[in-house]
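Each chain gets a letter, A, B, C, D and E, in the order it is written, and its residues are counted from 1.
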């Protein structure tokens, strides 16, 4: 079932994780959403984060993206300490994320949606856009080409001119993914990419994610165990804001604490 | 140019003048915050022109009076003046209202050589014959009014502490200048209110705090009323002195007296306040001019009552008809200006004192008299006092005001 | 029918800026044609329409593309107008420089206002900008020594350069009057502003503004600094307002606080929405509504035999009713309505 | 409409929800094409189908949010076809909408109170003070909190702060509080942890078995849906392509591969 | 010192008026998520209704009550006829509709009642209380205004916090579709919201008019400052509206008294900007921290 592209899970080719965050503690008033959680994303690896609803998965992503401030996280990028990221700097740092909802721009066509994702590759400035200088035109063309390529890669170039609302849900999910991928990230954070997808689409998504791990590190949150178990090299399980288990898919599936807190007996098929 | 003259005895056709009509225009705030009161002025003027037209017009021509709304916004004034000048092709602008509003079209009217008569504002701007040779003021300007009030106070309230309540524009500023020329040292506080506000209690309270026992207000009527209400609230009762603009006792008094009908025992009206006059008002029922206005309004006005604003409009219209009569049967724009410069100073009319018109001056009425408000009417305290801007002296007017002509229409002077 | 449109499209340049240049050229021809045909009175109306159109175009970028409501653009126009009045006062500065300076100064104010506005949303932004519209003109009264108080500052009228006069005479054989010159000046500015705004709207900036409007979080994740994008939109739109104020000052020849009341700000917003939010064509249509509707209603009222006072009161009544009716029948503005009709015609055409 | 508890549901099938020849369009798009189906009381009817099959549309038409262009919707003897959404809700049809059904500006408790209010309205409308629907295990707030403990701790928190799964729980709890006769669930498992899904399905089964509740369950997750459903209906491109016993459906390999993908 | 006391008391009584108006805005915002720019014009219209009655010889309180009833009817009518179609649509469309309504109603009043100043009576004395021999800028009528405003505020808080009706109204405003699925008659709630807000607005109109002058545009300054007050307090909160109103009233009174009245509007701007920079949701507005 697993189509691993390399043995990266067991013998990392790199000495350092691409991205590492340690000691994440987040409190909302009296509620502790995360307590001393760590997460490391290795290149060429798909890392799953699972856990019950409200365990803090999305919050952890939010800390990684700088949307939520944690108490004293230490962040490393390829082993070097860096300041905690700020949301609008992520794209430039090579981090992309999809949202638990869709987060598509309703007033922009599919192509434009993806072009926004490619914004970091532009080179010309305000004046050349204002006066319509050739530099800006060329720049615009380049960004458009990138976006078209990204759409083609995900097989949704047919609806480039459509507006997101008019498209079926699975297509929209792909567009959202295309927008994340067009920025050519090194780290991709996927928050529930499979929610709402049918069986076939989920299968394709799994293959796609595996394919992506050749090019980048992927961290994935989802509640579909089929998907998580089949694509992840390593899994972290959160419960009540704490890490209760880490390990390969098989270890996790067999971990009684995980079964108790998350999987339940029945769904474990 | 509209309508050539077929009999061609003068050859030239003047814009806005045809064989049987003369078209003139004006701008007023007919809507918006400034509309109350001011929007009545053109209705008065219109009634008088209708009256004249019904009685044969001026030299055989009827007067077509077009007035447009500018909502007291200079941008709109500019637009409606364009409309009046370029589309309606008026012969002259007569009585356009407001300092900032009319200020916006001074240059335009000048460039298009449109006579700009009798601006409805007491600003000094209209008296610049060198820059604006076709613009004329009409009413007494705020400075001379201030001077005459100042002199009166210096004589009759020489020990008083004087406070000033001033509208924060040229009206208050010019008035203050005039008052200070005589009683500068007596002034204990000068409070200004922005015409856009709706609350003058802080200002009145400051005057009370400064211990002013005479308060001179250069206020428009609504703020006169508001200042009275604020004073009543603070139980503050100085000797009030209001500029002519804001002392319309018929209006303000009736507004205020309504409050006394209710739970307020202490009737607050303008009783006993001092003011100035350059025209007789509705309440002076014995006055022959007022009788004329009442007749005109009954015949050509609407159902609404005659007010001092309407009298103002009629009096202004009277002066314009007078000017036309004097200009003769072939009115030209230059002729109009010439007439005013040469003989405008001698016009006898509804104003208590003559105009200051001459080749060197386009300033309006030369003087006012100080009066006390008694009930809804006024009782003169001084003869009509004449003066001019700057340090011109104040003198008493010698002659009495002439009554209106029998038919209520100014005669064409002999020789024309 | 659709073939006809694609046929036309084939002859259009493919890059947006080139297309905009072409349209501007066509616009210029249209302006000259209209200006040479109509009367001086219409020139004055056209000039008025122009300054509304410029300000509305700036506002439509801000509100339509970036989703920020501003009820305070009238105050920004005042900044441009006062700047122009002060700079033209000496009589030595060319009016073009004064206009540029007006745009620049207002853009500077736009940075400050925009920085505050960037943190606010919906009614909070509306409230703050409303306070701006009402508060800022107070400065002119406070600094009455410099800014002329309630009475305002007179503005020197610009005069055409000799070459312009000559060129136009050569082209049309007609004299260039003051009104006509102002109309040319105003519409020349409109064309220029529209050209630049169209470039921006089709560039990445337009796209980024729309993205920020639609989804802040997703936009941030795409690497967009929300605050910067918002402030930039505000600055661009403020510069337009400043330019509009500058043109207004020169056309009206006076700049006074009473010319920049809240009514002006609200009119601009109305023009933008009724014309069609986010569209430059809509801005022009909205401006036309502001200039031509009230006098038309007043005239109609007078013709129906109403007194001038009644007719004048009729204008705001009808104006208000038109606003309500427009929003109920064409919620996407005149441009949106046109687009819908056009699509229907085209669909029927292609079915046939 | 006032059926009694001891009525075996199968004997009075007309007491559930019946849909006859239902057709709906979005402009030119035909989203539902002559759909017939029945959701009897005391049963779970699963509606399955790929993305875009028309499942959500079906529920929106039933709950009155969308006007059908043909066909009818009957609740017991009552015709709900052209009723407004609020009247359908008051008649006892509760919908758990897909995605955003939480009023995020209200607190968790206020959201739940809205459900309870509808329940109270319904029992008042029934006249005699007894609940309009048979007693269900979830009749007040504590019951909801027992079912979804994580909501209790967030009771006074604004619903905005909830996680995706917590929101889904909130909407479910709210719908149950309205004491519905028919429960329309649009992908209730969306974003929920496997354990919670299992619990919810078990609770549903319990509710249905306890008495008159009819459940129309729309699910992507065909396998687990069929495992608790009595009947399965498969939609494809707005049409019913199969309708039979849940276990039979699950066993039909051809159908499974063509439409259900497992 | 006397001056300071006077300015303070005057600020409080002016502030109460802004608060009354802000309460109406808050009510409509909470129950329909629309900022009603026509609120002032609607209030002006009903105040004229009261004036016509009072001038025809009816007692003040009859005019007062009829004006409130008229406000209720007008609010409901306006919502049904012109607001309903734009509800749930783009935010700006509703803004433009209320602006259009504002302009039209004001023009209508000018046509119906003429555009001149009218004095509007007050039910209580208009001379300030005398404290320690000095008369202060606070009249029995001012006291009535403040009591009325506080009563309305408490009523609104109770409505929204404690009653089911309030909860239904809020839900309808926030999510129409979900509310309908919960059996709420959304249309009725929205109409009710407008009607109640128009009653509160009419009350504000009457309180402002009392013992002062009215004309078709008399509400204009109040609209601006009332809106500023509502935004300052956080549009969602009745308590915020009253706090905001008093704050604006006091600040403007001090500015007008000590600095100059031309700075009043500018001061309002300054306060608003300062507060909103620190709290973009207003003083009492709830912030929604979670974005993702």
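By definition in this document, a contact is a pair of C-beta atoms (placed from the backbone, for glycine too) under 8 Å apart; a residue touches a chain by one contact, two chains touch by 3 or more.
If you're wondering where the values come from, they're calculated on a predicted model, not measured in any experiment.
A.B. asks: Mind listing the chains that sit against subunit C and also against subunit D?
C.D. replies: Where subunit C and subunit D share a partner, that partner set is A, E.
A.B. asks: Report the chain whose CA-based centre is farthest from the CA-based centre of subunit A.
C.D. replies: B
A.B. asks: Starting from the Cα centroid of subunit D, hunt down the chain whose centroid lies farthest away.
C.D. replies: Here the answer is chain B, farthest from subunit D.
A.B. asks: Please work out the Cα centroid separation of subunit B and subunit C, and write it as a whole number of Å.
C.D. replies: Roughly 38 Å, centre to centre.
A.B. asks: When the C-alpha atoms of subunit C and subunit E are each averaged to a single point, how far apart are the two points in Å?
C.D. replies: 32
A.B. asks: Just curious, how far off is subunit B from subunit A if you go by their C-alpha centres, in Å?
C.D. replies: A distance of 76 Å separates the two centres.
A.B. asks: Subunit C: which residues touch two or more other chains?
C.D. replies: In subunit C, residues 138, 141, 217, 313, 315-316 touch at least two other chains, as defined above.
A.B. asks: Can you tell me which residues of subunit B touch two or more of the remaining chains?
C.D. replies: Expected reply: 30-32, 39, 168, 194.
A.B. asks: Which parts of subunit E, given as residue numbers and ranges, touch two or more other chains?
C.D. replies: Answer for subunit E, listing residues that touch two or more other chains: 107, 110, 115, 220, 260, 262, 264-265, 289, 291-292.
A.B. asks: Touching pairs of chains, all of them, please.
C.D. replies: A-C, A-D, A-E, B-C, B-E, C-E, D-E
A.B. asks: Which of the residues in subunit D end up touching subunit E in this complex?
C.D. replies: Touch residues, subunit D against subunit E: 63-65, 84-86, 89-90, 94-95, 97, 100-106, 110, 113-115, 117-118, 121-122, 158, 160-161, 174, 178.
A.B. asks: Touching residues of subunit E toward subunit C in the complex: what are they?
C.D. replies: The touching residues are 29, 35, 82, 85-86, 89-93, 95-97, 99-108, 110-111, 115, 220, 224, 227-228, 230-232, 235, 260, 262-270, 272-273, 276-277, 280-282, 285, 291-292.
A.B. asks: Considering only the defined contacts, which subunit C positions touch subunit B in the complex?
C.D. replies: Touching subunit B from subunit C are residues 39-41, 44-45, 48, 138, 141, 149-152, 154, 157, 178-179, 248, 251-259, 261, 263-264, 291, 295, 298, 307-309, 312-313, 315-316.
A.B. asks: Under the definition above, what is the set of subunit A residues touching subunit D in their complex?
C.D. replies: For this pair, the touching residues of subunit A are 28, 31, 51-54, 57-59, 100-101, 168-170, 192, 195-201, 223, 225, 261-268.
A.B. asks: State the interface residues of subunit E toward subunit A in the complex, per the touch definition above.
C.D. replies: Subunit E reaches subunit A through residues 289, 291-292.
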